[in-house]
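Below, subunit A partners subunit B and then partners subunit C, in two separate complexes.
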Partner chain A sequence: MSDSQTVIEAEQIKHAYTPGRYALNGLSFSVQRGEVFGLLGRNGAGKSTLIKVMTTLLRPSEGSLRILGLNPAREGRRIRSRIGVVQQSESFDFTSVEGNFDIYGVLWGLPAEERIRRRNDLIARFGLEDLRRRRSFDLSGGQKRRVQVAREFMHDMEILFLDEPTVGLDVIMRRTLLDSIRAEVRRGLTVVFTTHNLEEADYLCDRIAVVDQGRLLALETLENLKRLYGGRKTIDLTVSGPHDAAFYETLRARLGGESTVTVSGRSAVIMAADPKATLAVILALAQERGVGLDWLNVRQNTLEDVFLKSVGHEGESIGST
Partner chain B sequence: MRVQRVWEVAQKDLAEISTNKGALFGVIFIPALLTLLGVASTYMVAQAVAAGRIPAAGAPAAIYAVLLLMLLIPTTTSTVIGSMSVVLERTGRTLEPLLATPVRDRELLWGKAIPPLAFGVGGAYLAFGVVFLAGDIFLAAAHLPIEFPGWFGLFAMLVLATLLGLLASFVSLLISSRSKELRTAQWYSFLVALPLFGGVIAAFAAVPKTWLAYSVAVGVLIAVTAGVVWLVTDRFQRATILLGSP
Partner chain C sequence: MALPNLLRLIYRNVRVNTDPGSLIILVGLPAMYLIFFGFGFQSLAGGLGSGTYIDFLTPGIMSFQAVMAGTVGGSMLWADRRYGMLAQLLVGPFTRLQYLLGIMFTSVLFALGGAAVMMAMAFVLVQVSAVSAVGILVMFATITLGAIFFGSLMLLIAALVKSNNAYNSVQILVIFVVNFASTVFYPLSSSLPAALRYLFLINPLTYIADAVRGAYTGTLTATDGIQVAILAVETAVVLFLATRAYLRSDVSLE
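And now, the complex of A and B:
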């Protein structure tokens, strides 16, 4: 049952572009009002398809979905008038930057005066003054992205969907954009956004869903996701010597199921339940096998570690949904 | 339906057509070729009558046949542009931001129908203007006592061009919205539009050339066109448009 605080409710959502091959495979989750909900996943994980389904562009093949308490299949237009969507694809690049804002104002039915007021405000806020008369087509990728995001704020909305909004943005603009989104969230906006960038997710999200092969592998608050590993620490390790592969095999066997070892070439990321004991095992084994330790670092878990752990175990869900 | 929204959608398409070589072929080449054909045909008819190769009484029928053939302009131009309208945007992924706005399906459809309609019907109006003018000049120059189909003929052609343009635009838009690729969209659109053109031409060639007979025939064609527009509007499915499948 939907309450006014729940703005998105998805129950066993599936979507197949071709029969039998699911881009979304039984996703269930809910998003609360005022929340920043991050969708994290590799390329082709299903993030963009999920955004398209939630923004009424695609109908789910199976499952039930309610956006703002409305059914997308029957009340798509009512939903679209209450949400904003920033997609990866470009559009309206035939006109000027200013023209882009005007088009959005017209599409959302803003009166002319209000349209001009909002346009000028957003152009100033997003640092587009110098570009306002330039044709969108002639802008750089990052500049286009800024226009795409900024023009979405021409209208009022309850949920903003952002599909990798910071791709192509420089560091300063990325931070400006994320801060703008944060400011809107403080005013009550709900944000759903997809990203590859784990720092961004860390900076912005209240809860994060890790998606892989159309399935939800994890859905937790950021803190809980990190805590799921029970205060584990991460050990970064790089070894040298002729027997590095055998070294890691033996290390994995000696550490047992308590720690996870993700090996990439001569390096490994080890999530250790007991860092001291793990370090002792590493040092002893290195001496025993005559393997050199080029790099050894112990640190707190990051979101990246959690993400790697999640997508590294296909089909095995962590956390609760 | 808000006219301003329809116009924004149309502007977007007009801008994309102006940069597409395939669309420019439909917009420029087809009308230019058929106009040339119309002018040359009226010239040849005038010369043939003057040389006595065909009787003067047969000239209006020959000219009328040329004019009917020129109705290929709204049919083909509207089909070429209409069939690429949705499918090109889908493959270019420029349609998604528009679909995510509160634009209504009707506004989207009419906005997308304006460019094929404008180029098809506009091109036809221009072509008929040129051919009517050329016909008058050629017949007068040959001192022939034949009137080029006057205001009645011009009016009949403009009405027919408008209706054929509407039919071709809406049918090809529907096919474009349900096709995965441009070639398929164009192929199926022509497969529907050309027999439609043939049927209309055959029917109007047989209609007696009186105001009453024409009014009835045009009335029937208006009803058919309205039915097709209604059907296309009803079958236009926004939720499947990104997939390009029925």
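And now, the complex of A and C:
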């Protein structure tokens, strides 16, 4: 049910670039005002397509979508005048950094005085003073990204869509950017944010949707996602020997459905409901098969484990809202 | 006061495309044609009535501005696609049609500006007699139509062609053929091979050059009027095709 606090409402959204091959395959979710909503997924999972659909660049092939209570198919321009978008690919005019801010301000209809004020404020806030007279295309990848994100704040908006905004940024600038976004969120901005960086999703997002192959595998608050595996711990294991695959197959069978085993070569990440019992099974099996243990580590679950669990088991949903 | 969307887009297009390099190509190249060809072929050119070759060439080069501005329009779309600004503008408060019209009007502006510079140069170089107000109006109206025609043509090509190299090659070919198979540099003569003569006759730049020349020299004829009418129809068709190709292509997704 829609209300004034719901700014995005998607019901069974599908999109196919070619008939029958869905980049988005029945996504349903809603985003609340003032929320930071993270879209987490591997490359090609469908995150950018979803952003394009939500920002009216693409029409969904099926399903219903409302942005700020408006229908993107009929009221795209009204929606676009109330949102900001930082796309994954770079976008610049052939002019200086300062010129790009100016032109963007004009495009968004800012009066001259306000345009100059905002431009100077953003250039200072994002540490771009030294670059302001440089041509945008001469900047490094990280510098370009910084300019692109900062430029978007030239205009007012209710929802900001950020498609992997921190790619190419160094650690300090990444944190500066995330903190700037947090500050805007405190003033009421809603942010939809795609990333495959789990740390920044952890740092910024109120809720996280895990997307894979165009489907929603998980949608929970960060706390809930972790709570789903709250009683569990993660065991990192690397074995040596010629029969790694057979070893892990047997281990999976002996552990049963209570634990999940995600194998990559000689290594595996095991989410264990009962870490002590799981360790006992691992050690017994290793001894029985004569397999050496190169690495064995027990630790608390992280968002990365949740993510691996989600995308490692196609079609298995671990929660929905 | 905030400018309407279309004017904002035109402002942006003009600002982005008026760097020294672009201006040299846009105005400098036709100006060099005027100077080098105008004076260089002066002694060779005969049978042009009472005027000199540079008198003949000036309205031709003014007309050529329509082609140059049209190519700038196509390049704008191509560059915006390639450097991400098209997608960025289309997630802004603009419609696709506004974006297209923004390019079209910018092309017209460049064509008229370039034509005015060429005319001013001709006044300085050869002290031509004053052109009547009606003549100026006809010249600029024809060049506007021409800029929309060639702007649409280049947008159509830019919307259909998939690679930068292909676009550049097609653009160079179009400029060359359209420019030299027209009455910009020489009159349509019976000595031309038949195939070339037909090429002259179907080339819209011939219609533009003839009408602009007629207005420039005060010798407009009914034929010029018919040619402009044909040009108007052709422009409408190409504009329709370009708009359709652009709106249908998922240019924003690249």
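Assume the second predicted complex is superposed on the first by the 318 of 321 C-alpha atoms of A that agree within 3 Å, B and C clash if a C-alpha of one lies under 4 Å from a C-alpha of the other, contacts with A are read in each partner's own complex, and residues count from 1 in each chain.
In this section, a contact is a pair of C-beta atoms (placed from the backbone, for glycine too) under 8 Å apart; a residue touches a chain by one contact, two chains touch by 3 or more.
It should be emphasised that the depicted structure is a prediction, and the values quoted were computed from it without experimental measurement.
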Problem set entry | Overlay on subunit A: subunit C relative to subunit B, clash or fit | clash
Problem set entry | subunit B versus subunit C as contact partner of A:111, first or second or both or neither | second
Exercise. Touching A:284 in the superposition: subunit B (first), subunit C (second), both, neither?
Worked result: neither
For this session: Mind working out whether A:73 is in touch with subunit B, subunit C, both or neither, as first, second, both or neither?
Result: first
For this session: State whether A:183 touches subunit B only (first), subunit C only (second), both chains, or neither.
Result: neither
Exercise. For A:245, is the partner it touches subunit B (first), subunit C (second), both, or none of the two (neither)?
Worked result: neither
Exercise. What is the contact status of A:124 with respect to subunit B (first) and subunit C (second): first, second, both, or neither?
Worked result: neither
Exercise. Which partner does A:59 contact after superposing on A: first (subunit B), second (subunit C), both, neither?
Worked result: first
Exercise. Residues on subunit A in contact with subunit B in one complex and with subunit C in the other?
Worked result: 52, 55-58, 76-77, 80-81, 83, 85, 87, 89-92, 94-95, 103, 106-109
Exercise. Okay, in this complex, where on subunit B does subunit A touch?
Worked result: 2, 4-5, 8, 11-12, 15-16, 93-104, 238-240, 242-243
Exercise. Which part of subunit C faces subunit A closely enough to touch in the complex?
Worked result: 1-3, 8-9, 11-12, 15-16, 19, 79, 83-85, 87-95, 250, 252-253
Problem set entry | Sites on subunit A touched by subunit B in the complex | 17, 52, 55-59, 73, 76-77, 80-81, 83, 85, 87-92, 94-95, 103-104, 106-109, 148
Problem set entry | Residues on subunit A engaged by subunit C in the complex (per definition of touch) | 52, 55-58, 76-77, 80-81, 83, 85, 87, 89-95, 99, 103, 106-111, 137
